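This is the structure I have questions about; it appears just below.
Labels run A, B, C and D following the written order; every chain starts at residue 1.
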Amino acid sequence: MPSGSKRRKSDRQIDFQTVLDGIAKAVKGDLKKGRVATYIPALARVPKSKFAMAVLCNDGRQAACGDADEAFSIQSVSKVFTLTMALRAEGTSLWRRVGREPSGNRFNSLIQLEYELGIPRNPLINAGAHVVTDSVVNRDPNGKQAILDHVRRLAGNKKIKFDEEVARSERAAGHWNAAIANFLKAHGNLKSDVDRVLDAYFHQCSIAMSCRDLVRAGSFLANRGVDQRTGERITTVRESKRINAVMMTCGLYDAVGSFAYRVGIPAKSGVGGGILGIIPGFLAVAVWSPGLDATGNSLAGVKALELFTTRIHKSVF
Amino acid sequence: MPSGSKRRKSDRQIDFQTVLDGIAKAVKGDLKKGRVATYIPALARVPKSKFAMAVLCNDGRQAACGDADEAFSIQSVSKVFTLTMALRAEGTSLWRRVGREPSGNRFNSLIQLEYELGIPRNPLINAGAHVVTDSVVNRDPNGKQAILDHVRRLAGNKKIKFDEEVARSERAAGHWNAAIANFLKAHGNLKSDVDRVLDAYFHQCSIAMSCRDLVRAGSFLANRGVDQRTGERITTVRESKRINAVMMTCGLYDAVGSFAYRVGIPAKSGVGGGILGIIPGFLAVAVWSPGLDATGNSLAGVKALELFTTRIHKSVF
Amino acid sequence: MPSGSKRRKSDRQIDFQTVLDGIAKAVKGDLKKGRVATYIPALARVPKSKFAMAVLCNDGRQAACGDADEAFSIQSVSKVFTLTMALRAEGTSLWRRVGREPSGNRFNSLIQLEYELGIPRNPLINAGAHVVTDSVVNRDPNGKQAILDHVRRLAGNKKIKFDEEVARSERAAGHWNAAIANFLKAHGNLKSDVDRVLDAYFHQCSIAMSCRDLVRAGSFLANRGVDQRTGERITTVRESKRINAVMMTCGLYDAVGSFAYRVGIPAKSGVGGGILGIIPGFLAVAVWSPGLDATGNSLAGVKALELFTTRIHKSVF
Amino acid sequence: MPSGSKRRKSDRQIDFQTVLDGIAKAVKGDLKKGRVATYIPALARVPKSKFAMAVLCNDGRQAACGDADEAFSIQSVSKVFTLTMALRAEGTSLWRRVGREPSGNRFNSLIQLEYELGIPRNPLINAGAHVVTDSVVNRDPNGKQAILDHVRRLAGNKKIKFDEEVARSERAAGHWNAAIANFLKAHGNLKSDVDRVLDAYFHQCSIAMSCRDLVRAGSFLANRGVDQRTGERITTVRESKRINAVMMTCGLYDAVGSFAYRVGIPAKSGVGGGILGIIPGFLAVAVWSPGLDATGNSLAGVKALELFTTRIHKSVF
């Protein structure tokens, strides 16, 4: 077992601050290459030069670099948190309303949804996220606030809030999502009113938090369901593994396979340029860089995570 | 770090033989539930009562149960071995001809192939496997034999052979695969003759080997590219991780997400009822049960692997 | 030229009343076979026993049978009338926003719309009709009323009106159409607000008129663009031919080819069970029978039209 | 009835030679605009400057212009003649194996075929034509020759023959068609061997005949099933109407609607640049110009037919 011992020892010896600082330097030239999301003004005006990264280990070590305390729009990363809520409340019966297979399509495609009669392929594409949000708001008259409270608690930061300008803009520009939600309703797969689901959905997407907030909020997924800071159990061991599995196969839109190949860890990205990654049993890592690649994922963010798993010699593979 | 130590210690204490024997008992009632592949006689007449499982750890421990020494038709599991050959010979330029994203479709769908202009989604669906096989036979006039030799060497068993009856039957019934290969050729994505690729493809699928052979042949993927028995390096560390990543996101046809959720390890299944699974850094595991579920994967085989990762408390998540 | 003369002479000798009465008797047993549309109560409660047919020749002869003076919900038949309005106002530039090819899909499919980037295949499927309605309401602040006025004038009947109960129910149940309209808006192919287009669309579908009204309203299409009763020119000769062509290739949802094969004339059907057919240069014919077949067309209505063109020995082929 | 008389009188007064000569002049500038099919050398080397047109009226009048006696590769126009054979031999049971709905897709798409489980949408797309050819060759051990004999008899020209160079080249380049035929076989919708069907199919496509031959061969469709020259009945009245209906809704690949809109008559095009058109009850017209538009139809040919129906004031609408 020498190799195992060596690796484990080296896990403890990794100097994360040095690693992150090195990555920040290495991706500097890539920040300009991506394209910032422009469908709403509040996202369009975020400078491409922004970059942040944060790490939180199960053993309490942490590190951060760049704009790691600056809040950004987490967008689809929020889907992991609402999925956690819905799974806890509804259990596995949630899977009758939404699948857990990769879509092989863009995040917002309606094609598959039609062929599969209104059952979205997985909870991390837009259609599936509408179903998950519906599951939350249908149980809780105050569902929108409950989502925010859940994220605040996970991150241990009561100041996290909706960016109302973003939520409003998303709503105004959100015809594609309105099409999806109406389509789900037409197939009987939304219980609440379309407008109520859309309002909660656009708000959860508008949640603004920093990379440092994000690794805290996601660390239970690295730590077998237990909040690393408080010791509180957020999900069962099994649930946390399952959420990681869903992220692994469905978390990066149509670049799931490429991300697994290059980076090799469960992760969820958002169109605001953020990505939350998990090395199960070891750490949570978050990165933020607003420039996106052709698949809608942060271009420099993916590269930073690739460098991260390469340099610390850790991935799930 | 108590939890880490505890888990690691327990890795060494796992009594694999007891685990496998328990699983064999637990899935007994499931053997009848699946449906044996019937498109060729040689597969159709395999008794559903067959069951085998084998494990080979990086530290040399092994265990097996059931018909673990009986050879069966590995079918699509062979795609992992030809992919290994093609990647070694062609390097990453292979990815210009084939993607590495999950398909979100059945293993043999032509729909996606048409929309994506003859570039198969990944090397583990049939269309992608034709491209990989073409890459091998196009470099080697004796490509078919080279594939067999490669598998023999990996498994350390020179007696492994093609089942010529199976290969012949596959060819006779292989109109769907002939459609796929002709379609690839029409798009300029096969270099060799259609018939030559099909002949090699049907032969690789006909390779007959046992679960015990299979864990040996696949163990380099658990052991960072090094053959556990001989110490020979088969692939680089990076390549072995990447093949695991491709298996994780593409290895179980249209049940990739569900398998990740239930079992949580990289794996590749075949229509003969075999599945090869990898716990990176720890072990290779193989299972064989001919009855298939609706997605074309071994029904009892998937359940056996689910029990396996649950009972040994190990998965990549 | 004897055969031509003979046929022409026989055109004048056809006793339409006898033909219609014979058809009414012949299809009696078919009225029960179809299934009345049930997605809104107002349609669901229409008795399947209803049947009506009316004919209006270019030479002024007319005939009718059954419930030919009873108003029914014309639904998609209205698309022909709004198309006429839009073509007159916008001319051929309309074809930049909507194609004129048969869809090869169900009337309300979103799949093709996504692949073709928000340009509906033709103006007679739902997505295309939304674009046409948008063209009308975008030019006219009072567009909804203008549509009704247009139909009233064509039919020469000021009592024709919207069925507000139907319009309201369509709106309440109209999530699929709301999905389509939002999807078009997301692609920039609706100029007006989604809600305004939907309101006008659901109202035009709710127009209630009789078979006798319908043949009058459609007779300009049989008469090279000229209203047979008033002599008023509604469209150019070319436009009336083109509208007939669009009906021929796109007027019966996914049964266009089968209808051409069996009946052989341009026609437009509606989910209320009505069908308007045109024999160019000769006559307009309308039929109403609420029971629908699997393709959403009036089951007995299609059969009645098949008997009609067979018995009068006239079709476009 | 004045307008009818006037039109009918003018039918007899049309000077077809003048009309054709005028069209030949009018489309001269368009001959260069199209792109000659290049997938086989024998088609690629046909000069774009070629142009021919021929007319044959039911009353015996005929006219021709340009290269009307020069044989060209009729390609898919042949599908009309094999369809006639199959319908006569098999009757309406043919429609259990092939639909008659427009495809809404390219002529050679496999997508729809997969969704519809191996039942091609109609007999005039490639997949449907394979089924039709299979129906012919499965009944007749000498099916290939029977197809040629049938065309010779219809055209009254025993010198019409297969262009063996074309047939050979089609076969060598025919991977897409081989994919389609294998796919049909995989779905159980080919009775004969794949190779036999392909051989007959590529030969029927290679038939070389002139525009003058073509109007003769097709004139029974204008003349209610009766050969205009010999008086022989080729099909029943009903069958000839039905074949016209299938051409109307399926005869121009993915430009069916646009052709109906612009030209307004049943027609079938081929990739060799030929088009056969029918004005039922009046005449057959053929045109040849090798340059194709983006939909695979003769660019100048479609324009010539548009001018033809416009100038003689005749279409089915």
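What we mean here is this: a contact is a pair of C-beta atoms (placed from the backbone, for glycine too) under 8 Å apart; a residue touches a chain by one contact, two chains touch by 3 or more.
If you're wondering where the values come from, they're calculated on a predicted model, not measured in any experiment.
Steps from chain A to chain D, taking the shortest chain of touch contacts, total 2.
Note on connectivity: the fewest steps through touching chains from chain A to chain C is 1.
The chain with its C-alpha centre at the largest distance from the centre of chain C is B. Note on chain placement: the centre of chain A and the centre of chain B lie 31 Å apart, centres being C-alpha means.
For the pair chain B and chain D, the distance between mean C-alpha positions equals 49 Å.
Per-chain CA centroids place chain B at a distance of 56 Å from chain C.
Shared interface positions of chain D, defined as residues touching 2 or more other chains, are absent. Pairs of chains that satisfy the touch definition comprise A-B, A-C, B-D, C-D.
For chain D in complex with chain B, the touching residues are 109-111, 114-115, 175-176, 178-183, 185-186, 194. Chain B meets chain A in the complex at residues 1, 3-4, 7-8, 12, 59, 99-105, 112, 121-122, 240-242, 244-246, 248-250, 254-258, 260-261, 264, 266, 280-281, 315-317.
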